[in-house]
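Across the two complexes that follow, chain A remains constant while its partner is chain B and subsequently chain C.
This part shows the complex of A and B:
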């Protein structure tokens, strides 16, 4: 009888432990998720579009679940194949931490940010561009994504940062951008020539302790959060939450951020954005930054 | 209640074990039956996407899959070039379908019947042919597709062999395809969701009027040629223009050497809010094909066909979505053949013993110089329409139906019954994928087809009706 009781207690303990571990990991219980899903707040707003989480159950299952998982925890059946620094792991929506935002670091992204990410996809990850989906479907998916984390119920999205108009490119600006690159020690991760081979590059991990690679400016890759000048500016100022890329909003002025954009453009191979920057860098005869040079 | 259950269970450990085992078994069965669902698993493996990402129900593409195909089997990300793949990756997929089916035809030529015709019903276990798909990229923006395909006796032919240059000049509007390929039909027959003999094809894509000798206008058959195709970045706007040899996709230039056809399509999709994305398009197939062949010992000499005559097929295609679960595809067609084809000329190579009527009597269907058509012979013309609705129960299950009808509007031979050759056919079915991963496809398939054609039974030339019931397991890996 005692043996039976012991077995029963052990069994119950395991069940309880499993329940608690699941609850703490999921952050929202399945019941809570379902409840939230049917609340009026389970929506997204992108321009004139209103997305409804409930309407996204089928598209999420069709398009997303293989990577992001039924629970939105980034543990779909394909996730195991992405465990390499070269490819980002599927996003864990339960944590509500997103790289691509227009909002300050540490804040939630806007619905538009999430909508843009779904349409843009992400290079060096398994996330394709989902533009063939209707805008309504994408808006619904934004609402759905939000139902996985309680953060969306207690916090509001951050206020998008202001991006001043892009100034005229000049040789002085490109040179100044290189100085910002040196001063902010961007080379530590991105390397002195932007080749993602800085001294810290091999040690980088994300917030979940997964190895992560710094962005290589020289191999023609598209930055994950957009490849226009404004997108790159935004990345400096918001940071990529969940990764070692910090926000420099408190460290550099808007003008300096634009200078940095121009300098980084000059490191990229020829593309549709950087002809002028490359030409200027060539005329200036810019050499890679010297990490050992005395600070100016 | 919960307390009782807990206490009760704790006092009966043996019973607990049984209950837990039963619950576990039930859970496994339920999970096994409801795990999420898969067409070219080779592509799914490469990109780590489930079948449902590209397929409404495999093998039928959804808009995302269509864009992937239009981009030359590329997602347009850094994973497209094969150099980024694990060296062990093999872009190959096999597909075959073991089935049970019952086929009943009301009028088949039978010696033992008083009028030479009788009803035949057959049933049993059977196999489809084997498709051996291999495709993908050779380099970024250079893609290929090769499909050796067998019939059920393992006799192989090349269904598709083509290479593509994609995004020429960095523009999605310019892509070129060379080889043997499926015409750019918005409603793809190669991705049809049905498997029966008459329901497994689109009648519109293969229609030949009774007695007509034009085998060259079958837009459902893969054709040999060169195609220029393009699309907008979002794939909402699409076009294609093909130059094809008029040989119905058969290799070795079996018919004429100077006979060409063209196939042109265009379509535009519209984002209709909560209804989904709607697409409207058109197609035109037009060309010439030979009716006269040089002979040797009375047998046609391949590739010697001349005396080209014209034909055309044109119509509209609409893909309409009514929310996430219901969609309807509509295809229309108006077709016309030259009166020469209508009188049976054209396919002399495959039917050297066929006899055609002339004002002076009969002769083999070879348009030798001086041949005349019978008085009043006209271009056969017809109109047809196809409706195919789907109900998507889940990404793993789809219910489907189809109604097709083709009506002759003008017979080639004066006095022929106006309905001769008319077709009506209905198909109903389902496909259920009990599981769905990025590794393989597996579907329980059930389907019923009923087919009717006027005046084409083999002996009495009366109405022909057949039906087929089919169940099978369609899988690829």
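This part shows the complex of A and C:
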């Protein structure tokens, strides 16, 4: 009797262990996602807001499913009409690889990052700004997004990078920023004038092997992950995962990073952020970097 | 009286069995430390496909580095006697949990040199640290493309001139393609396997060291031709042989 019980429990534990071990490898099923919908990971915390995935079932179906799809795999019925490189494919939430993060490359974004992306939308893509939705609805949608991928069950969001306070803009800083631009060879893709026409620009592909364009600083478009000075700082330090844009966190010091932000600003046409930078660049008479100059 | 003798016999038998088991365990430990090995050669049957030359003129540094020695793609690299280079060999079945989980302590290095990856294929154990370095005076970005659903998470790091090395490891076995977006011809592999492994040299020869005695399935993986398997039995401290032949497509 006892041995039978023992055998039974052993068998059960093997079955349970098998179920758990295959969960993250096998193809995702709606069944698994249903399970994850009720897991602690299917919630979000943004400031004092708490989002619950289950509350977002209707808004997701109403506003998001058309592109991101029933299973969150980015294969909604509209997705086939997205023409790259101008219009990237909808994000696949099952892979949980996101462009706009405050966290290091290769880590999950914070709830705040996802919340910001929903509100900001993506310039030059089919992702609109979802500010008509209430903050609570957006927080719920963040939680909903997190129920699609097994990664949220086992991983935690990365630790956001530290951004020191923005220093005063000086001509020295703009000039130093150009040196960082040259040293990091940003021009390989973005071009010496930031016109997205560098030697490697035409060959860029994203992780779906779709052509993708480098950011053009000169045509007035806004960066996909935000257009404040802090956003630009964050973009090149964390990189945009899933795209060719790498993380420079190991290679640009925080102080130099601000210099680079100021220089990048000077490449943009006049906007509400860059009056000073443009003025300084003009006074300095900055010429585009010379890619053939001997390396120092 | 008879019962007593039986008891005596039982005690002697039990002692013998215990000693035997002990000897076996010690023997196994010794052989795991001393290690059997599996070696052999991997060959290509047929004519090696043409490896396309690489035009690096878009980057003056890369172009200059290969001025006298043009680079070719490395999907199939054939050496003397039709030996296949860059084939990864590993034990896909039969390893004890202990042997499979033993992690090597050395840190293999993946270098970006003259705008190609050296080595072209870097084999490593699950959880083993590896290092990405750059020897080039031009900027690279190191961009592995694993499937995040396997547990290996993709990342993308810049490697400008003089960048410090990046040390990383992978969570699960997977053949991970590596690329540099700045130099679209750059293509390499992280071959992540569980347990002892080896990579073939320019003559297609390999040796998997530190294989405990047992019966195994050895898998050979080549990036263009896929995988092949073979059953191999390794005796304690002895060398076993497994040769493979891939057919040219």
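Heads up, the rule we're going with is that the second predicted complex is superposed on the first by the 267 of 296 C-alpha atoms of A that agree within 3 Å, B and C clash if a C-alpha of one lies under 4 Å from a C-alpha of the other, contacts with A are read in each partner's own complex, and residues count from 1 in each chain.
As a working rule, a residue touches a chain if its C-beta (ideal position, glycine included) is under 8 Å from a C-beta of that chain, and two chains touch if they have at least 3 such contacts.
Computed from a predicted structure; not experimentally measured.
Engineer: Are chain B and chain C a fit on chain A, or do they clash, once the structures share the same frame?
Structural biologist: With chain A as the common anchor, chain B and chain C both fit in the superposed model.
Engineer: Thinking of the overlay built on chain A, is A:248 touched by chain B (first), by chain C (second), by both, or by neither?
Structural biologist: A:248 sits against chain C, while chain B stays out of touch.
Engineer: Report for A:133: first if it touches chain B alone, second if chain C alone, otherwise both or neither.
Structural biologist: First partner only.
Engineer: Touch test for A:235: chain B only (first), chain C only (second), both, or neither?
Structural biologist: Touch status of A:235: no partner.
Engineer: Looking at the overlay, what does A:204 touch: chain B (first), chain C (second), both, or neither?
Structural biologist: The second partner, chain C, only.
Engineer: Would you sort A:81 into first (chain B), second (chain C), both or neither based on which partner it touches?
Structural biologist: The answer is first: A:81 touches chain B but not chain C.
Engineer: Just to be sure I read the superposition right, which of the two partners does A:151 touch: chain B = first, chain C = second, or both, or neither?
Structural biologist: Only chain C; A:151 stays clear of chain B.
Engineer: When the two complexes are placed on top of each other via chain A, what is the minimal CA separation of chain B and chain C in Å?
Structural biologist: 26
Engineer: On chain A, what residues does chain B touch that chain C touches as well?
Structural biologist: On chain A, the chain B and chain C contacts do not overlap at all.
Engineer: Note which residues of chain A are touching chain C in the complex, please.
Structural biologist: Within the complex, chain A touches chain C at residues 24-25, 28, 94-97, 105-107, 149-151, 154-155, 183-185, 188-189, 199-200, 203-205, 207, 239, 241-248, 250-251, 291-292, 295.
Engineer: Would you tell me which residues of chain A are touching chain B in their complex?
Structural biologist: Result: residues 4-5, 7-8, 11-12, 55, 58-59, 61-63, 65-67, 70, 77-78, 81-82, 121, 123-124, 126, 128-137, 221 of chain A touch chain B.
Engineer: Touching residues of chain B toward chain A in the complex: what are they?
Structural biologist: Spelled out, the residues of chain B in touch with chain A are 6, 9-10, 13, 16, 36, 47-50, 52-53, 62-64, 66-67, 75-79, 233-235, 271-274, 276-277, 324-325, 392, 394-395, 437-438.
Engineer: Taking the touch rule as given, give the residues of chain C at its contact with chain A in the complex, in rising order.
Structural biologist: Of all residues in chain C, those touching chain A are 58-60, 137-139, 141-143, 145, 147-151, 153-161, 163-164, 166, 181-184.
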